[in-house]
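Below are the structure tokens for one structure; questions will follow.
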Amino acid sequence: MNVNLALPMLTLFPAFGVIALLVLRGDDHVFIRRMALAVSAIEFALSLFLLPQVPVGSTGYRLEINVPWITSPPIHLHMGVDGLSLFLVLLTTFLTPISVLASWNSIQHRVKDFFVALLMLEVGVVGVFVSLDLFLFFLFWEIMLIPMALLIGIWGHERRIYAAVKFVLYTMAGSALMLVGILWLYNATGSFDLVEIQRQLQAGIVELSPRTEMLLFLAFFVAFAIKVPLFPLHTWLPDAHVEAPTAGSVILAGVLLKMGTYGMMRFCLPLFPHASYKAAPYVATLAIIGIIYGALVALVQPNLKKLVAYSSVSHLGFVVLGIFSFTVVGMQGAIYQMIAHGISTGALFLLVGMLYDRRHTFEISQYGGLATPMPRLAAFFLFAALSSLGLPMLNGFVGEYLVLLGTYIVHWQWAAWAATGVILSACYLLWAYQRVFFGEVTVEKNKTLPDASERERFILATMSIVILWMGIGSSYITHRTEKAAEAAHEHMQQWDVGAAPAPANGNVVTLERSSNR
Amino acid sequence: MVPTQYYLILSAILFGLGAVAFVFKRNIITIFMSIELMLNAVNLAFVAVSQALGKLDGQIFVLFVIVVAAAEAAVGLGIIILTARNRRSLNVERVDLLKL
Amino acid sequence: MTAPLLIFFVLAALAVAGAVSLILQKHPIHSALSLIVVMVALAGLYLLLGAEFVAAVQIIVYGGAIMVLFVFVIMLLNAGEEERTDFSKLAKFAGLPLSLALTGLLAAALIHRGAAVQNPAAPGMLADTSKISLLLFSTFVYPFELTSFLILVAIMGALVLAQREKN
Amino acid sequence: MFILDHLWIVPLLPLLGAAINGLFGVKFPNKVVNTVALSATGLSFLAAVEGVREFLDYFAQTGQPFQKAFFDWIVAGNFRAGFDLRMDQLTVVMVLVVTGVGFLIHIYSTGYMGHEGGYYRFFTYLNLFMFFMLILVLAANYVLLFVGWEGVGLASYLLIGFYFLRKSASDAGKKAFIVNRIGDFGFMLGMFLLFRTFKTLDFGQLFEAVKSSGMPHEAWGVFGTFTIACLLLFTGACGKSAQIPLYVWLPDAMEGPTPVSALIHAATMVTAGVYVVARSHLLFEHSETALVVVSVVGCATALFAATIGLVQTDIKKVLAYSTVSQLGYMFLACGVGAFGAGVFHLMTHAFFKALLFLAAGSVIHAMGGEQDMRHMGGLSGKIKVTYWTMLIGTIAIAGFPPLAGFFSKDAILFGAFTAGGGHDTGGRVLYGIGLLTAALTSFYMFRLIFLTFHGKQRYDEHHVHVHESPWSMLTPLVILAVLSVVGGWAAAPALWGGEDHFTAFLAPVFPVREAAEGLAEAAKLTLERTLAVVAIVAAAAGLGVAFWLYLKQPGKPAQIAKSLRGIYNTLYNKYYVDELYGATVIRPLLWLSENVLWKIVDVEAIDGTVNGVAHGAAALGQTVRQTQSGNARSYAVWVVVGALTVIVILFWPMLRPALGMVTP
Amino acid sequence: MSFQTPATEDFYRVLPELIWCGFGVLLMLLQPFTKNRPFFTAVAFVGASLGALSAFESAQHPGAGFFALIQIDTFSIFLHLLVGGVAALVVLAAGPYLKRENLDPAEFFALVLFATAGMGVLSSAQELLTAFIGLEMSSIASYVLAGYRRDTLKSSESALKYFLLGSFATAFFLYGIALVYGATGTTTLTLMQDAPATSNLLRLGLALILIGLGFKVAAAPFQIWTPDVYEGAPTPVTALFSAGPKAAAFALLLRIFATVPAATQYWFWAFWILAVLTMFAGNLGALVQTNVKRLLAYSSIAHAGYILVAFAAVTNMDAADKNLGAVPAYTAVLFYLLSYALVKVGAFTIVSQLGGKDEKYVTLDDYAGLSQRHPVAAAALSLFLLSLLGLPVTAGFFGKFYVFKAAVNSGLIWLAVLMALNSVIGAYYYLKVIVAMYMREPHDAVKDAPVAFPATVNIVLVLSALGTVYFGLFPNQVLRLLLEKTLIGGLK
């Protein structure tokens, strides 16, 4: 039994902020904003202390806490970080203060509630990433639904209620099945502990029949796929994004979607390797369809925010593809793409939000020529767009490249199809950029729009620095995520007992199912 | 000597007719009567079985059932009077404010 | 056919006829009278089964008290002939067939040989009222006492429901 | 060894310039912007020169290319892409051309862009371009090369769209980027294939691995690893170097300011494709098919673009098609195995095409922005320096000795003619087309000169005040003119009394291949001489026709155009290729995306299903609700139904045989 | 046979019932002397909670009492506490309601206490006739309570429908008892363990008992009365209905189930099908409701369906160690009942307060913008709804979790999947209420309507909310109690 309170404290810290917000003055909006900013900034600072805790080359989980919570069934407060979750936690804690800042002026209505919801959301998301007990994981997974739904539903735009309800129902549909899956797994292993279940499955203490394994895999996978979202389960996303307030979109795109891919990597692969193998071609096909489809639909969107939303469908397709390439390179790429997408799409949503703050519309046709009145915003937008379309030396490239490379190594056709996404992303982003920022100013109102304010510049500059740093110093991250990716990869290998001993990372993984299992 | 099964079959028929009456009748009082009919059928079954088993407790049960029937009758008729007063009709089909 | 059997069939026919009459009669008073017929017939059957005490209670409490209450209420409310409305399409079309099916099913289940119960050794041997009281006040004293509260509730309920508004 | 050990200084200087100007330039006066930009490029040039010097020392000592890893950029699994820079002879040529020509164009731009808005922005982009271009040529692995590759694409995008208020400009920028991306798609897949096969993308290691792998050369028609990898890489090269079918962006790219056209779309960036093919020559040499494809595509592009160039009236468009054509030439060289010749032409082309563009810019400057040659004429006396320098450039590109273009072109034609040991019909055909192209080049270039500088004045003097450009613009012209004149002698072959220093210099990279093995030295000389004469004749023919048509018979071209209307229109409209792409790819794709994928698949099918489920549930809910009729008799029936259900369920084992159902 | 008197211990065993009935009588006696409403509320509250607490005293005397007619075990103690607690909360919540609607408190509270006593009997009875008497006690009191606002059409209609259909179902139940008695020769559950499992009589008897109890727990298609009765009854009474009698009826079902092997065997498919029908009927019906009270009524049907899933799970246990394996499933039912009772009482209390005089404001439109008008009420109601929805950190989550677990453990994956599907449908209408409260603007009429939350109501809300969260976070103690092997005593 490990008792290291670091992670529970980190998870719950924003909740303390929530309590403080609830108890303290409720009418002073400036105070509330400052308070929320302080809480989220401190949370970010705290989370930075995780970095040295996961040194390069460290295996397994760090900062583990494992204390019993509920005796029957045995549910433990089991948390830990490894390279995979570390950066997702950091991403969350980084984007939250950014979101707070982004909502500084745009939220004028029910300010306290807004920041309460935002901070609660942070609790849920951080909790998801550090939980090592399936039950605990599920708990946080569900907890985060409500604040997010509120963010969309209260502070969203015209069809906010529809979007919020759709978001919740979609997610719940998946997670209800996941709960059945979790229980089934518990029934087989007598444990909710991820590490323990994994140990039992690997040691052969518990054997799942192929059919059972596949059903279990699906129970988990569908829940994750909805969250990702994987084509064709994606239709909640455009609605949710378009209707959500900026902060909501940033967190949604930045972090929430990653919960799905995180889940696939953390649960689907290690727990159900055979089923994952079997499902891989189908999953990859869906991912590739998602990449191309998302890009093509983004191409023709008249609504700027929807365009960015569909681009997420496309980008997340890469992540799924990388995971299901079952190569270290591909998985590393997937992890990297998760983080990179969080930053660059987050930045795009921030920018779209800033435009919205000025003009209260997302319609591209309402813009045009904005580079003249607001050159700074235009520059930042271009920067974010470039990072999103995967320009080398910016963050988007690294993930995309590694995913494609890792995939190519095993299935060149997959990679070839997916790589068309690289072309299409340039098409929709640059076209949209052109329509919004280039040309003469066509709408009279746009002529006098103010350029980025100091607050906005701070936000955008921060995002840009991260984008650039991630593009150049990617090895800082990949070194730390390497063991996690290798671990996930190894699980796939270990199960493949019939196959030849695993060649070094990145090499061809035989997909034949071993006969003796 | 009458086989116990005959009694049971008779009780089933009476019980069923009670159900038929319950579904068929519209007057609330008559509907309530059909419940009494069903309880009577039950009593018959109790007594018949009790005799077949050679145990007395079946008869005790009948007494309890009668008491309960009486209590139900008191409350039920109270409710019927209330309804009749409120609605000026004893047709159960006209009591349909609460629906959907 | 032995005498008891003959009596049984006569009484059974009477009871069934009473039940059917209950259904067919339009006026509640007639239905109530039909029900009394059933009750009396059943009382006869109880006697045939050797349950004299129950038969007596049946006549006194059921036929006497409860049914009088019914008739009283019918009179009080001045209930006229039944209004044979058919607002419920379900009841109109499916009610009768389904409830008859239920009757049939119940009877069929009991006619089935799997439902056979042993027949009594001799009729009338249980008809000992003192034994009933012994049982009632020792083994079943708890439910017996509970029935007192039950009646209390019923009285109070009737009171609460039937009383007129104070103002 | 300081610069060589800190080779990153060379690209970093322009980046620094870009950063300073980009972040603070908006507040700087033009002078400060100038200082920053010029010193960044100039210092970079000096550093490059010093680096080259150090490298030559180094090479003299070790005989090895210089390569150094600076930091890990991408590491994942066994994949590593470092920020590694490499210096070898090929790099030397490229670095010097890029920094040198780049610097000159920077100087020129201070004059040309002096009165434009967004001055700092322009120099930011230009410096940014220099950075990426230097990364491209200095990179020691494909991935880093790809950084420069995409980076120059970005800079190109920004600079083409510099006048972003013009829709055509932003369109052109976008088109350039996207078409390049299509090429990059292939380039990336090529990289992946190489990595999969050889487990590395580092030039040194990769080429070693290729050599030591003992993998056989792939003959014509064999689609092995090398062929596929090379073809994929070549796809990228086609995009960047504007070859068929991806050349369409380059003519449009003329929307950018003229110095940009000179620097990016003539001298440096567009040659990156050639550079990559040359860099990967070891791979290409392993595949017959790939080489054939390269040469055929190059040759076809050369001819194709030249024909379009014949009828263009926009002075920059003519140069643009000329560039496409000349790039085709370079690929032709590579395709026939004459990589050295290709690179040589790359260099000379950088000189004279930059010169031509800059001169054209000077003309446009003089004409106050007019680009249509039909509205020029007779300028030779008014802008003398421009005229003479441009004439030098024209002569150079047309292939008259002893100017630079002659030598490089001659080397290519010789390479083509002698391809496959000189007995290859294919090589002959390529040669023939090359020759034809040379004649056409000579024709349209002199057409340009005559239309612009000679003949009648076709503009209104009241509106246009022709004036010579400032010296900041003329100096680079002069320098480039000098280079165009003398540049060729670096590779003058023995025939012309030279020693072909250039080929010798590149020998460590491209081992000297006896192009015409089997031929005796004397026969080779004879052949060379013959081919040179033929080339000169072709060029002269082009000149003659142009002279006759545009100076002697000025009415004739219109007449010819009229009589050959179909051909003329086809050429004038660039073979309708843009329209073709629009009709077959772009519009169908947009239509499909909007009307099928979005509005039908997404909204109707998927979301429709989702909402349909919701509506279905609601409808079911209404049904359930309808059972709640409020009528107690109905409720009684429901209870009876329930009773029947329960009884049937419990008696099912007995009912089933009764109903005739038997358990199997 | 000789005359026997019950042991003294037996009276301790029925102490809760005695206290409840005693206080009921006391209230009736006090009625002529005072009109002080708070006084009656206090007395009734003391009675209800004292009765509940006295269950701890009866816990000191486990075992069969009154000639094995009742059984005191953990199970019955738990349910006594539950129904007593519910009654106490309902009493508190009803005080202000009765005042607002100008209804007599004494009889009302007395009826509540008698009904509670009936439920208490039901939860400890292990003999069918005793159970029947308990059932009737609670039912007859319930009929009256449903019609307590006797001058309104809705309330009297509610009483009439409840009474007619309830008696109808009672007849089935009773007939079932008669047939079981005929088949086994006894009505004591513990004596039925070796009853012939092939008898038609027993089979039919169990079917009829299931029909009777199915009606009480509102299993589809017997659920049909629920929405109307719940909607028409005074709201505190609805709170009582949804929590108390249902729990008691489930308790009896469970006890029969646990004790009579034949029941387990025959009832499995019935429960399977009833569970599915009930879940869908409840959830689909609720989907289209705009009346919050009625919506909650439908929701309680759905929840009965979830509980039935756990029943199906119990039946499907491996016969060999049925008792061992089934315990978690019993636990699931009991924990669910607890969480559900807490939430329903809380939710209906809020509905009752927000309704205003004559329960005018009960539609979703009236709830629009509640979060601004009364943030605490909105937050509390949201908490309850989320618990019903089964979101974590609420007791409802664990309740549902346990039911899921029971279903999956016994291999009823499809049932679990159907339940999951239903949870999603359920999510929609719970969200609809939350959406109305948080995301919509209030309409004018309701804007000015005063919303009063008197102290007693606040106590109810705080208790139920705290309970919901507490059991959502720390279910251990309850679970430990319920997971005993001797949960249901009296087995051989």
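Per-chain residue numbering starts at 1, and chain names A, B, C, D and E are given in the order in which the chains are listed.
Keep this in mind: a residue touches a chain if its C-beta (ideal position, glycine included) is under 8 Å from a C-beta of that chain, and two chains touch if they have at least 3 such contacts.
What you are looking at is a predicted structure, and each value in this text was computed from that prediction instead of being measured.
Looking at subunit A and subunit C, the chains that touch each of them are D, E. The set of chains touching subunit C and also touching subunit D is given as B, E.
For subunit C, the chain with the farthest CA centroid is D. Core chain by CA centroid proximity to the global CA centroid: A. Counting C-beta pairs in contact, the pair that comes out ahead of the other among A-D and B-C is B-C. Relative to the C-alpha centre of subunit B, the farthest chain centre belongs to D.
One finds 64 Å separating the Cα centroids of subunit A and subunit B. Subunit D has its Cα centroid 95 Å from the Cα centroid of subunit B.
Computed from the mean C-alpha positions, the centre of subunit B lies at a distance of 26 Å from the centre of subunit E. Inter-chain centre distance (subunit A to subunit E, centres taken as mean C-alpha positions): 43 Å. Residue positions 169 of subunit A each touch two or more of the other chains. Among the residues of subunit E, those in touch with two or more other chains are 129, 133, 136, 140, 143-144, 147, 150-151, 159-161, 164, 168, 182, 200-201, 203-204, 227-228, 428.
Within subunit C, the positions touching two or more other chains are listed as 87-88, 91, 95, 98-99, 102, 106, 109-110, 112, 114-115, 117, 131, 135, 139-140, 143, 147, 150, 153-154, 157, 159-161.
Pairwise chain contacts present here: A-D, A-E, B-C, B-D, B-E, C-D, C-E, D-E [touch as defined]. Against subunit E, in their complex, subunit C makes its touches with residues 106, 109-110, 112, 114-115, 117, 131, 134-135, 137-143, 146-147, 149-150, 152-154, 156-157, 159-161, 165.
On the side of subunit C, the complex with subunit B involves touching residues 2, 4-5, 8, 12, 15-16, 19-20, 22-23, 28, 31-32, 35, 38-39, 42, 45-46, 48-51, 53-54, 57-58, 61-62, 65-66, 69-70, 73-74, 76-77, 79, 82-88, 91, 95-96, 98-100, 102-104, 106-107, 109-111, 115-121, 123, 125-126, 128, 131-132, 135-136, 139-140, 143-144, 147, 150-151, 153-155, 157-162.
Taken in their complex, subunit B has these residues touching subunit E: 4, 8, 11, 15, 18-19, 22, 28, 31-32, 35, 38-39, 41-42, 45-46, 48-50, 52-53, 55, 57-58, 60-61, 64-65, 68, 71-72, 75-76, 78-80, 82-83, 86-87, 92, 95-99.
Across the complex, subunit A is touched by residues 26, 71-79, 143, 146-147, 149-151, 154, 157, 161, 164-167, 170-171, 173-174, 177-178, 181-182, 184-185, 188-189, 191-193, 195-196, 589-590, 592-594, 597-598, 601-602, 606-607, 610, 614 of subunit D.
Put simply, subunit A touches subunit E in their complex at residues 70-73, 110, 113, 138-140, 142-143, 145-146, 149-150, 153-154, 160-161, 164-165, 168-169, 172-173, 176-177, 179-180, 183-184, 186-187, 215.
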